[in-house]
Every structure is written in C-alpha cells, then in structure tokens.
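For reference, the structure discussed in these notes is given below.
Per-chain residue numbering starts at 1, and chain names A, B and C are given in the order in which the chains are listed.
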Amino acid sequence: MSVKQFDRKDLDYIFAVAKEMQGMVRRIGTFDLLKGKILANLFYEPSTRTSASFTSAMERLGGSVIPINEVKYSSVSKGESLPDTIRSLECYADVIVLRHPEVGSAAIAAKYARKPVINAGDGVGEHPTQALLDLFTIYQEMGQIDGLTVTMLGDLKHGRTVHSLARLLTLFDVKINYVSPEVLSMPEEVINEIKAKNIPQQAYQKLDSCLGESDVLYVTRVQKERFPDEASYEAVKGSYVIGTDTLAKAKEEMIVMHPLPRVNEIAMEVDDDPRAAYFRQMEYGLYIRMALLALVLGKV
Amino acid sequence: MSVKQFDRKDLDYIFAVAKEMQGMVRRIGTFDLLKGKILANLFYEPSTRTSASFTSAMERLGGSVIPINEVKYSSVSKGESLPDTIRSLECYADVIVLRHPEVGSAAIAAKYARKPVINAGDGVGEHPTQALLDLFTIYQEMGQIDGLTVTMLGDLKHGRTVHSLARLLTLFDVKINYVSPEVLSMPEEVINEIKAKNIPQQAYQKLDSCLGESDVLYVTRVQKERFPDEASYEAVKGSYVIGTDTLAKAKEEMIVMHPLPRVNEIAMEVDDDPRAAYFRQMEYGLYIRMALLALVLGKV
Amino acid sequence: MSVKQFDRKDLDYIFAVAKEMQGMVRRIGTFDLLKGKILANLFYEPSTRTSASFTSAMERLGGSVIPINEVKYSSVSKGESLPDTIRSLECYADVIVLRHPEVGSAAIAAKYARKPVINAGDGVGEHPTQALLDLFTIYQEMGQIDGLTVTMLGDLKHGRTVHSLARLLTLFDVKINYVSPEVLSMPEEVINEIKAKNIPQQAYQKLDSCLGESDVLYVTRVQKERFPDEASYEAVKGSYVIGTDTLAKAKEEMIVMHPLPRVNEIAMEVDDDPRAAYFRQMEYGLYIRMALLALVLGKV
C-alpha cells in the first residue's frame, strides 16, 4: 500500500527474498513457486513498464496473469465503483495489482478485498514498489545504504518517486541532497518528515554544488509545462541535463538512477558509462516484484 | 450459442461438472485438465468481467489465452468479415470465446468455425453463459430450483440476462414475478414463450406486492435514459432501489442476485447481508465457464 | 530483421524446423520447448492476426507472453525513445517481437537490444515473417518451389508482402508474373533486384494473360483510394476480383494465396475450392513463427 508500512527489518527481508529471486532468474529463468496462482493486473491508466514488470514477475514465478488494461472503456465507464470491481475480480484471481489515477484508491481496494492487493501507483499518492526497487538498486549497486550521500535532481515537487524514496531512506544512515529549480523544490511536508528522523538534508539549485560528494544521483525529469513562463524554464534547463561532462566531475563509484521514461534529461552518451544504473534499475524492479508477489501469497 | 439449446438433462450435467470445478479450485486452485489448449478470447466490445472470467477459467484449467480486445482498431476496421477473422483465429487457438455487439454474430461464427465457439454475448441477442451462471447460482444457493418463486426487478424490457434466465427457468417447476415500470416491462415475446410452457407468471409495478413470497430477487438496473421524460423516471426510481429496509420485509432465506455492474440499484449496505449473493454469483460464473470450456474441448 | 539476411540454406533449415513444429502441434498441440521463456509482444500499431499468431506460437512452445498493445497511450506518448523501451523490456523478457509503424525501427531496436528482436513489420519497410510464411506455404502446398510460376495480383506498388516475397523467390528457380493496374505496378527498385538475379519476370494488366500458366496466384487488395479518380478505379476493379469463374480457367493444382485481411478481392464462394490456400497460409504462419522463436532462443 504505502512505503510507510515498512521498517528496516521488513526491507532487509524483502531484499533478501529479491536477491534470491535474482539468483533463480539468472540460473533457471522461471520456476514454479506460484504455479496455479493468478494475478489480476488491473490498470486504470496505462503504464507499459510497470504492467510488463508485474506480468513478467508473475510469469517467471510460474503463475498466470489476467491483463486488464482497458477498464476505462468498460464496466467502470458504466459507473461501477472500485470496490465492486475489486470484489468481482477477486473471484477470478489470487492477487490484484492495482494502478489507478486517484490518490487513496489502493487503500479503498485493500479495504474491500479479501485477496491481497498491491499498489502499483495511485495518482500523485504513492508508487511503493517503485520506491522499493529504487532502494534495492542502491543496495545492490553500492553493497549497502548506510553512509551514502543520495542526491535527487530535477522536479522534486511533483515526482512521487523521490518523495517515496526520501521517506524510505530515513530508515538508513544517509545524507540527502536536493537539486531543483526553486519552483520545483521538495515539498515542505516531505522535508519535515525527513527532518523529524534526524536525516541530514540540503537543498541546492545547481548540481555542481554537491555532485562531487554524491554516491547516488537520482535524476527526474523537469517538464517545461511546470514553469510559469518560457524564460524561467530556459534559465535552468541546462543544469538538469546529465552528460558525460557531468560524469567527469562525479565519483568513480557513483551510480546514476532514473525512474524512466526519460526524455532528454540524461544524454544517451551516458548509457555506456558503467555508472549508468537506470536499465539495471528496471531489472531490479523485476526481482522486487517477484519477491512481493511471493510474499503476499504466502509462498516465502 | 443460445439458452434454447439446453434441456434439463444438459443443465444437470453442466452443473455437476461446474460443482466439480468448484471443488477442484477450492482444493488446489489450478489443475492441468486443459494443459496445452489455447483459448482465443475475442472481444469486439469491452467487458472486463466476462473477459476476466473466461481468462481465469482457462488459466485455472492449465490452458493459455490469446487476449484480443482491440479488434475495433484492427483488421476489422480494415473491413474484414467476422467469418474471416474466426477462420484465421482458429488456426492459432483450440476454442474461441466471442463477444460481439451484433445479434446473430455468434451463430455466424459457429457456422464458419471448425473449432468450438462460445457465445459471450451478442448484442441484445443472448448471453447464454450469464444465464447458465445465474441458474447455477440459484441451484447452489437454494439447493434446488423446483418450487421456487423468482422475482425479476428493474428494466425487464432491455435486459437480455432476465430474458435468458426466464427462458431457462421454464425447464423447472417455478413461479416467476416481474416488477418493472410499465414502459420497461418484460417483452410480449418472452411472456408468450413462458406461458406456452405453463409456467405461472405475474407482472407488478411495485416490489412490495410480491417481495414476501420471493425466494430469489433478481435485480437489474433502471437507466434514466430509458424513460420518456425526467418526471416519469423520478416517479418510479425509488421502487427499484434495494436497501436493508427492503430486506427486512423479505424471506430469511431469499437471495439477492444482480448481473453486475450495479450503480445505485442495490445500496452498498446490503452487501454485508448474507442474502446478498451477487459477488458469489460472479464466482459461480468462473465454475460454469470452466465447465463449458472443458466440455466443448471434450475433456469431461 | 529483413528477408535480405536469408540464403537458401537458411530457408531450408527454417522450413525443416517449421515442419517439425507442424508435426508436434498436430500430434500433441503444445510442448515445453520454451518453458520458462518470456516473449514481449510489443505492438505500436494493432495487428490482431500477427499478434495472435506470435502469442499462439509462444504458448504452443510452452512459453509465456507479455502483451503490450497500447503503447501509443503509454510511456511512448510521454516521449520515450524506442531504444529505451526496448532496453527496459528486455529486463523482463527473453525475446521481443516488434511491430512499429516506422521503417527501420526494427533495426534500431536490434542495435540496442541484448536479447533477440523479431521484426513483425516496420511500416512500409519489411514484414519478413510474413514473407517466410508465404514462401513456406508455397513449399508445403506445392512440394517444392523450383520450377513454379508465381503470379502476383493487385496493388503491387504498396504491398510490402509482395515485395518481400519476390525478393525471397529469387533464391529459387521460378518465373514471376505481375498483374496490376499501371499506377499500382511493382516498383522499379524491386524489378531491378529481381532482374539482377536473372529471374524471369513479366508484367501484365489483365490476369487472363497469365492465369493459365500460374502455379501460385498471390492476391492483394486494390484500394480505391490509391487511384487518381473514380473512373480509373471503376475501369480496372473487375479484373482484380477472384471468383469461381477465375478458378475455372486456372490449373487444377494452382493455389490462391492472400496475406489477409481480404475485403472483396476474393469472393467467399472461392473459399470452398481446395485451391483456396489462404486460411492454410495463416496456419503455416504459426509454424514459421514457432520455428523462429525456437531458433532465436537457441532451442533448436
């Protein structure tokens, strides 16, 4: 449902299971842990990547998937409530993955469901499996999370991924930097939550101010439409594009992350640098989702 | 194809198989009766529920599904005829489930197909698997069908589910009540068919007139748009909404059914009453569809 | 990627594998050669037939499919590049089938992918699996390809299937006839390629001129919109409709092929003639795609 439900012990456990999943996938590709189980993949708004990731996770575990992508054309458009849809689908499936444009919809679904529901993003609310895979990426790539400096770059105001990741990071001993145009800075609410956990944090407007100390650079997109006018966008956009020149000034062991899709905020020339971790990040998402499916179905 | 093709012995047999399916699903979830078989789930109009139900049915039997939901954008929009689409798909699949907006389309498909075709709704024509699952619900919930009083409520003119169910009920020793606004009453054609089978039937405009004697209350939606004007809709709408106050006047053992999706015609407060059978009805649909798939593929 | 990458030995090998697939499907329906493998079926434009064919091929081989049909609504509409989509999906799948409206997209995808990519049509570019199944149909129906006269009819200018098939046929000892209105004749570029391989070819405007000598009649649609005006369309359209009267003048052993969907260019009365090979052609497509999937995944 939410990143707020996890403590550090939970994360250790999920990551241990995800690592096992990674090992199994690499050795044998697919196995039959969830054979006979059915996932209803219920997407009220499209998300190719998340949908494909959960489908693959279920299939690699030997389970089956009911893909439901076009709900907007369907009973929902006839006015059916989310609880009714959920209670119908759980007659056919063993677990439901829900992507919905409205905040709180996952909680409503879980309240009415007898079967497990996994929140795959509810509007500007949460996208907890993304936050888990982000953290797992850091853990796997850096070997540990304690002691790291994590720099978040771009539109920190609207990006739910950075909000969730920042919250999860408070379970560890880290330093967090924010680099964003002032109009797109991290919301006060998140800042205060982090502060309450005594995690050092610092906001900047230019990446150069903290690039050198960063172990993790988490890049998000800065959309033109978020700015009051063309001029204020043009003034800052250059600072939020990562190229090989950026990497030249960064630590040798730093990793660059991105929730994808990207547009121009990371130049394609960066892809060949071993520090470019964003495609590996996608792959870690598979293992995290396999772990979550196995866990909620009581098979671990 | 049609509810008209079943006699009482057929129903007994299908229900016996469906009960076995229920037992297997409850014990082991999924089994390999149709392993290696492929279902083409061909939906020319969306129906999340029916599509998901057939997909789940095939997957619980160990078979695979080719989901085909977006036919309207596809070769069909290039002008391909239904027979050509069917004859192409049967090269890839072992059984075809067809949902189509035009009456008679299922019969056309079956005429040209060499593989079995299951009618999953052809416009205002039939939706026979819905009628079968409705009847199976009554059978399972009440223990038998003979001797029951079944009351159908709402828009009986346009609802193909009540037409098909009424026809199937004539194979049993039942009494049927109709409760609807006059403009939405059961079509003469259906009334005459029922009469020809000597089944007692009675039409009312208010539910109170026959609620107390009802063993099954089958609710359908009354859509505002069906009325000539706002005033005539406002005049009746209250009579067609089921609440806990309605249930207070009903038999202790009555069941409330609904083909779903519902909008307001059954209040959510009713969901917690054990007489609310509409979500169990969805689940019975799974077993009926599993039975049908196994039967048409010769695996029972 | 392209029909240009195959030589005659490759075709012999692919056809031998496809024949084995046919044998296995007829004997046991489905088998576990690709158990544990996942196909990402990535369709940027709809193609029910091709998509269903690949899905069935993967499922008959015991593998799983991630269906991705609505990419236009999804991250792609947020501006993601094809390479990024491919590199994300290959984290979840073992092989990618790509249908894309732009020429060259399959080559781009293959360049960036670490996993195998199969071109399922890239705009007016190529549709190589269609060409392979066309050729396999001729081979299976006629017993051999050398020595045959293949007549292509209809819109030869825009039909990528006839371009690809003509190119593949140059690997054999055949004669090729073209029958089309002058404005829709085979492009100079293809003509020159065929000529360079010393394959005899001849263009006609009327089918009667070469029907009697044809062993294979490959029909494509003549679309009204391709003509400069109504009159020029009306003048020729009759010549490009195949009926039983056409077949009366053809060889007893000729086969009629069509890439489907057809509209009016082959009358339905022809379907019952044993020479009508177009539905069998669909089925051969299944075996070719099974062979290709097994080959690119190294399982043959």
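Annotations for the structure displayed:
We take it that a contact is a pair of C-beta atoms (placed from the backbone, for glycine too) under 8 Å apart; a residue touches a chain by one contact, two chains touch by 3 or more.
Everything numeric in this text was worked out from a predicted model, so none of it was measured.
On superposing C-alpha atoms, the copy subunit B sits rotated by 120° relative to subunit C, to the nearest 5. Homomeric contact subunit A/subunit B is classed as different-residue, with under half of its interface positions used by both copies. Chain centres here are Cα averages; for subunit A and subunit B they lie 41 Å apart.
Residues of subunit B in contact with at least two other chains: 67, 69-70. Residue ranges on subunit B touching subunit A, taken from their complex, read 28-31, 46-49, 51-53, 55-56, 59-60, 67, 69-70, 260-263, 268, 279, 282-283, 285-286.
Subunit B makes touch with subunit C in their complex at residues 35-38, 40, 64, 66-71, 73-76, 78-81, 83-85, 87-89, 91-94.
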